[in-house]
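A, B, C and D are the chain letters, set down in written order, and residue numbers restart from 1 in every chain.
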Amino acid sequence: MAKIKAGIVGGTGYTGVELLRILANHPEVDLQVITSRSEAGLPVSDLYPNLRGFMDIQFTEPDVKALKNCDLVFFATPNGVAMKMVPELIEAGVKVIDLAADFRIKDISVWEHWYGMTHACPDYVAQAVYGLPEVNREAIKQARLIANPGCYPTAVQLGFLPLLENRLINTDFLVADCKSGVSGAGRGANVGTLLCEASESFKAYAVPGHRHLPEIKQGLELEHKSAVDLTFVPHLTPMIRGIEATLYAKAKTNTVSVEEIQKLFEQRYQDEPFVDVLPAGSHPETRTVKGSNLCRIAVHQPQDNDTIVVLSVIDNLVKGAAGQAVQNMNLAFDLDEQAGLGIVPLMP
Amino acid sequence: MAKIKAGIVGGTGYTGVELLRILANHPEVDLQVITSRSEAGLPVSDLYPNLRGFMDIQFTEPDVKALKNCDLVFFATPNGVAMKMVPELIEAGVKVIDLAADFRIKDISVWEHWYGMTHACPDYVAQAVYGLPEVNREAIKQARLIANPGCYPTAVQLGFLPLLENRLINTDFLVADCKSGVSGAGRGANVGTLLCEASESFKAYAVPGHRHLPEIKQGLELEHKSAVDLTFVPHLTPMIRGIEATLYAKAKTNTVSVEEIQKLFEQRYQDEPFVDVLPAGSHPETRTVKGSNLCRIAVHQPQDNDTIVVLSVIDNLVKGAAGQAVQNMNLAFDLDEQAGLGIVPLMP
Amino acid sequence: MAKIKAGIVGGTGYTGVELLRILANHPEVDLQVITSRSEAGLPVSDLYPNLRGFMDIQFTEPDVKALKNCDLVFFATPNGVAMKMVPELIEAGVKVIDLAADFRIKDISVWEHWYGMTHACPDYVAQAVYGLPEVNREAIKQARLIANPGCYPTAVQLGFLPLLENRLINTDFLVADCKSGVSGAGRGANVGTLLCEASESFKAYAVPGHRHLPEIKQGLELEHKSAVDLTFVPHLTPMIRGIEATLYAKAKTNTVSVEEIQKLFEQRYQDEPFVDVLPAGSHPETRTVKGSNLCRIAVHQPQDNDTIVVLSVIDNLVKGAAGQAVQNMNLAFDLDEQAGLGIVPLMP
Amino acid sequence: MAKIKAGIVGGTGYTGVELLRILANHPEVDLQVITSRSEAGLPVSDLYPNLRGFMDIQFTEPDVKALKNCDLVFFATPNGVAMKMVPELIEAGVKVIDLAADFRIKDISVWEHWYGMTHACPDYVAQAVYGLPEVNREAIKQARLIANPGCYPTAVQLGFLPLLENRLINTDFLVADCKSGVSGAGRGANVGTLLCEASESFKAYAVPGHRHLPEIKQGLELEHKSAVDLTFVPHLTPMIRGIEATLYAKAKTNTVSVEEIQKLFEQRYQDEPFVDVLPAGSHPETRTVKGSNLCRIAVHQPQDNDTIVVLSVIDNLVKGAAGQAVQNMNLAFDLDEQAGLGIVPLMP
């Protein structure tokens, strides 16, 4: 079979370089074009010297014609860019995976409120498939347009999923206390993410409201089939990669023991190649998934009371972005779901 | 007035060096003895080269007679050491501040359960004053024996205090999601706190139960005057110093707005020299208190619903240990409460 | 005696906040004005929240009249700013300490070559005193205009000084391999100093030529009273603060033993309040000077051959910038040289 | 062809886990046994949770019989262990790659001096091949016993090699100023490598003499075919992985320009799959080789004088240990030299 002809729009940010790192070793992909207005003409390995010797391509000016010749186009662009180009590509028969947020939220008015712009192609939002394979695998296989989930939403949804599907918890007070490495803030030149500002310190941010909140709520409510009251607090953590989500919920009275919850998580994810339910009593560390597409999860019921605590870790740039995009590509093109994603986490 | 003759038992750990750093510039203290069985004979500046030129003293063998000549003895020892020496010192008229946990928990059986040993002097627990000045200032001034609070308990209690005192929240589901720098784990040679294990990673630990849980609960229940249901999850954060506590509670229906809560925090702490309530909408960073005895706090009511989020940061080695001990000493000896504690946080 | 009325021009960078941190506790200084075009109107504690509660002043528009009312003005500005304002201030009788490079290099053409601009007041360069107290103490006491040394030049000159003064080494091949924390690159929003770019990595930079090279050479040649051939390679180190200089030189044949060199260093610096010669065999760590004005030095003669290795560490923001500026101020105003500089290094 | 039956002795340290990470994806290796006295019975993925799902094997008691059934045994043990077992394995026809230092130094008395023990099998030192493929590729292909080079020696030798082979530099004053991430110190529980001791600080260590000095000298002298006078100073750098070597040498008068040196390096390494000579003027960063077997090198002649500066970076755990061991295995078993080593560096 011929390789998939792939293109990338954007690609100068951390999501982009991570996509390149994974595709460099993907056996079934032929990267044909990567566009960047600002870096046109530059070899990607000049911008990302880790790729020297692994990736020969250079950035080119955005060119819809070249992208239309691809089987698949990834958008690794800021929010609001993909929606302007997607209709033309889709109509030309190109599949699209958007790593930004343009197609994640079904309610257009909610999206426009949180992202502060008018959506350019609401019709495409309706047909877009939310690319969380553990929930939407069959739809992803048929999708033309895939909305790749956000990093926090991936970690939180996978952690709450078995509890909500089984209606084991009260949904009037869910807490998602999430911690992200600084790469989640992107490669932009901002004072707040300088080493001297962000290392040796820890802080919550965006407590009044973060754009991933409506995305998470949408996902949890779909899982639970009713409204949930979620408090989501993200934190900036002095490290490059990794998200840890500590999730809190009250069990409905007299429902299940922690052993039963453990078993339920194990069953829910037993066939999932990228979700690893740890043995009872575990505390997952973000470094155990560094560079890989895995989500590792542990469940606790501390002090044997009715509070359930779920711990969920991912690499925000992999399962939280580029790796999940490749997983979605594998599904959409009927490849081995794990192709190119067998990378062993780098530890220490 | 003559200076306070002070002694330190232990002092080879991070709490010890921090105590020395603060006492080195304290105008009213004359450090006469610091004991360490393992390091006897060694100048403290050999173990802690930051102190070269600031502190001439050397470690000596534990010697009750020398300690009895002091006005005050700090215990910067592992749990279970102070309780064996305290009665003799107290009877000799020496004041004692224990930076470990021996005298923090009033319920002896609870203490013995969590600390895994029999308490050597339960009578002294009863007379010990819990050294959180924002709650117990007057008692501290009269105390002979002060139980210096734990690091997490300090950050969590100061954050919940105004809410509990005013009975504004439901106490059947409180969450304290806490993050600590690695210095909280001490200076022991353990694999888990090696740079290669603890940097570039984030994890929860001790979810089934941490020793600071009963201490925090005791404090919150005293403040609230009834039982509280608290879930406390500590996390190891890849930095040296700092604790951030993100606290979640449901407001009782139709009680107060976030503006009122803000005002209430400001009023509660307006005369506190070491608690700084930040302007509405703030997100305190641990680095803004690094090296200082401050606790900085912000309050939020995200998405205008009934969940209250309190953010509280301290330096775990200062307000969470040695600085608070010096604050307690200042109170107990009728000095300016801020003496020796005017250190400006080091940033960046 | 009345306090010194001080002003700061600039002050939004790391050198500025460090100057504020030190001055906040200086007993003899009254900070009257701090100017910043970009931040005029902002309280300094909004930009630097570590200063909340310690420093009430706010940034104001640059205003020569206000500055002329000061006894002393610090320039914590980018290179090329001070030279435009200094003549007017000096003529008005104000003393000036420039923390940038405008007055460090006596040879105007060399300065103009390395800094890429025309010097605005060459005459003032001639009268400026290079503010390295260990070399120029008496001149500093009389100076009206003090050129505060660069961070690398401070560490390197103090390390080579006793060897050169005593003409113990061949000067045809000196190596200064220097490592700096990222704060040396300033608070500007640059991609290269983002946490995700600069942490967990190490690199040399500016090998073809760094602006501190001519400054160091000028200093070494003054000490040695003849030309020296120096290779200076700076490196970016994944930490916030600290400079370590590893210096290499060949001893002239059959000159001195390492014991004699050790003694020579100890004698040279025995009366220096901020230079600490460590015991023979030591390896100074940058963290032992963090936040303090100290330079700690060790000397080695590895494998008993004729190569001498000197290790020199400073905090680049203190002895390498703001602390040295305050030391110079103390000298220029006939205060205790250590006033305000008794800060104990923060460790861990 | 049947896969290589491989065994590992030791394997609980960082070199061990790195070997497992690489072998997990090696297409031609079947890991049959990994021994550890202390961890016998434990699945490797319990000790190294990054390996969960990638590696099913568990540690077993050392068992020579099981090892003799292997085609190849790696020793990832402390110094002095391999020499006791190697003769029996070699005689049984097993090939051995020792990642420790037992067979690196040909002069037994030098080895015994630096390693402080009597060598158990000097005869085998003579037949051992020093496993630096860029120097000894053909001998490695034929070797039964391979001494895998140290981390610093790899970075330094590859950097000096083209200069020495071409006799372009004076060898009476070579300097190798080397910086290593903390993983180079191993996974032992030592205070000095705790996060709180080793992060946010930088220091030289072992200036009087480091065990890698005689190994490097031996290598350089073989390359140069005469004695060299090398000063080697290692430094501890606050990061997990990576070595940077900054090398200084004086060019012989009127020999070559920097352009010629650049070309010479490019020619020397043009067929080397794991040595990347960067374009003129580059400054290699350790992060550009993180997790990969690459050595990236740049050459400079600063200020156009006669000093040559070479910058060389490797991942100390890969090209400096486990990756080079796998490269040697590939050569010794006539596999594709790059098999299993196509890992793209992880950046950011």
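Definition applied: a contact is a pair of C-beta atoms (placed from the backbone, for glycine too) under 8 Å apart; a residue touches a chain by one contact, two chains touch by 3 or more.
Small disclaimer: the values here were computed from a predicted structure and weren't measured.
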Compute the centre of every chain as the mean of its C-alpha atoms, then state which one is farthest from the centre of subunit B. D
Count the C-beta contact pairs for A-C and for A-D, then tell me which is higher. A-D
Starting from the mean Cα coordinates of subunit A and subunit C, work out the distance between those two points in Å. 46
As a quick test, compute the distance in whole Å between the mean CA positions of subunit C and subunit D. 39
For subunit A paired with subunit D, centre-to-centre distance based on mean C-alpha positions, whole Å: 37
Indicate the residues of subunit B shared as contacts by at least two other chains. 14, 183, 187, 196-197, 199-200, 238-241, 284-285, 287, 290, 348
Per the touch rule above, subunit A residues touching subunit C in the complex are 14, 182-183, 187-191, 193-200, 238-240
Could you pull out which subunit C residues touch subunit B in their complex? 14, 17, 21, 24-25, 48-54, 183, 187, 200, 240-241, 276, 278, 284-285, 287-292, 294, 296, 342-348
Listed in rising order, subunit C residues that touch subunit D in their complex are 173, 175, 177, 179, 181, 196-197, 199-205, 207-209, 213, 229, 231-233, 235, 237-242, 244, 246, 248, 250, 281, 283-287, 290, 300, 302-303, 305, 307, 309, 311, 313, 348
